[in-house]
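The same chain A turns up in both complexes below, where it pairs with chain B and then with chain C.
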Partner chain A sequence: MTMLHTVNKSPFERNTLASCLGHAKSGSAILLIEDGVFAAVKGTAHEDTVRGAVADHKVFVLGPDLLARGMRPEQVIEGISVVDYGGFVDLTEQHDKVQAWV
Partner chain B sequence: MKYGILVNEGPYQHQASDTAYQFAQALLDKGHELFRVFFYHDGVNNGTRFAVPPQDDRNITARWSEMAEKHGVDLVICIAAAQRRGLLDEGEAKRQGKDGNNIAPGFRISGLGQLIEAGIQSDRLVVFGD
Partner chain C sequence: MSEPWEEEGPGTIKKFMYVNRKAPYGTIYALESLEVVLIAAAFEQDVSMAFLDDGVYQLKKGQDTQGIGMKNFSPTYRALEGYDVEKLYVEAESLAERGLSEDDLLVPVEVMGREALAELMDEQDVILSF
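Here is the complex of A and B:
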């Protein structure tokens, strides 16, 4: 069984990303949405953590939420895939369960 | 694929109501079925027809109502959460002795059993919240 985890808060605001990474099985998918997209960009204090997550999980970021916050796909950490809402739907289809870390 | 959506956050609060709507629209565009959207906690405030957002802003409630009309989506508001927050349909207003109701078109008030049923009937239950 594979699981998709969604994280919707910035790692600078809440520790839900850390909780998610502490529980997510290796190989599961993590989608960063809403303020969660701040974890996806290069040059932050959380970059090393997220690079570690990318090595162990499939990590995605919601493109429209990235753009809404003035960030571009080029600023995203290597290995993270940018998806739109249709891609979000596809991810929920490809995984058996969806867990929201709110 | 059959989807259920749970919205736990009020409109114009953070982004959950918007993300839930965009996700719902995207899954309908892909030809999936949306079995039900269940509004819980502050999420019940998505269903008041008395909200009047600025004209150049999105109208979150009207958007849900349009989706319900166009796609036949079942929009269910949790009764206990609604009563705490002053959201009533005609029957509840009468039962509670209130002088009016404020539920928006396409929404209905019911119990948590509807959330459980959505979880059982849907292939995926996707949660949007605080």
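Here is the complex of A and C:
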């Protein structure tokens, strides 16, 4: 079974991302959305954690949520793929289950 | 004939601080804070706004909300000056944790350390948290 995890909370405000990473099996996909996109940006206090996640998981970030918050795709940590809403739909279709870490 | 509220004179001016700790768009707090500040500006109090924790993201330059179908309210921060809301304080530690600097902000602010901000909070008559 393949799982898609979505994370919609800022890593600075909640432990949602940490909890997701603690439970996501190796090779599963993680999509950062809404305030979760702050984790994808280079230069934050969470960068090392997220780089570790990229080594073990397929990590995606929702582009429109990044742009809304004033962040550009170039600022995203290497190895994270920026997707649009169509990409979000594709990810849900490609995986057997979605687990939303809200 | 003057209105009753005009007869009371200027009254006591209190120090009001609006403390902003949430990122924009993910929740309604940031927008609600702005709305309250703009309404309260009519009461001619000594108003300041503090931005700390994820609240510093509210002032990030270059917000483009077309893709999420929400109103980009970030230009409103530049209009605050016109309502005599000129004291905007941003916590240095919060910026640093997020890889941000003063240059990333869309409006002139005073960046200060956590301790100085704590002092400032202590001096307020009223603190409103968002």
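Structure notes:
By our rule, the second predicted complex is superposed on the first by the 102 of 102 C-alpha atoms of A that agree within 3 Å, B and C clash if a C-alpha of one lies under 4 Å from a C-alpha of the other, contacts with A are read in each partner's own complex, and residues count from 1 in each chain.
Rule of thumb we're sticking to: a residue touches a chain if its C-beta (ideal position, glycine included) is under 8 Å from a C-beta of that chain, and two chains touch if they have at least 3 such contacts.
Note that the coordinates shown come from a computational prediction; the quantities given were computed from them, not determined experimentally.
Contacts of A:42 after superposition: chain C is touched, whereas chain B is not reached. The partner of chain A that touches more of its residues, comparing chain B with chain C, is C.
After overlaying the two complexes on the shared chain, residue contacts for A:63 are found with chain C alone; chain B is out of touch. Looking at the shared chain after the overlay, A:34 reaches both chain B and chain C. Residue contacts after overlaying the shared chain place A:1 against neither chain B nor chain C.
Judged by the touch definition given at the top, the superposed model places A:13 against chain C, while chain B stays out of reach.
Of the two partner chains, chain B is the only one that A:98 touches; chain C does not reach it.
When the two complexes are overlaid on their common chain A, residue A:88 makes contact with chain B while staying clear of chain C.
Residues 8, 34-35, 64-65, 84 of chain A lie at the contact with chain B in one complex and at the contact with chain C in the other. Interface residues of chain A facing chain B in the complex, by the touch rule stated above, are 8, 33-35, 64-65, 84-86, 88-90, 92-93, 97-98, 100, 102. Residues of chain A that touch chain C in their complex: 8-10, 12-13, 34-35, 38, 41-45, 47, 63-65, 67-72, 84.
If you check the complex, the residues on chain B that touch chain A are 1, 3, 8, 14-16, 19, 22-23, 25-27, 29-30, 32, 124-130.
The touching residues of chain C, counted against chain A in their complex, run 22-27, 53-54, 57, 60-68, 70, 72, 74, 97-99, 104.
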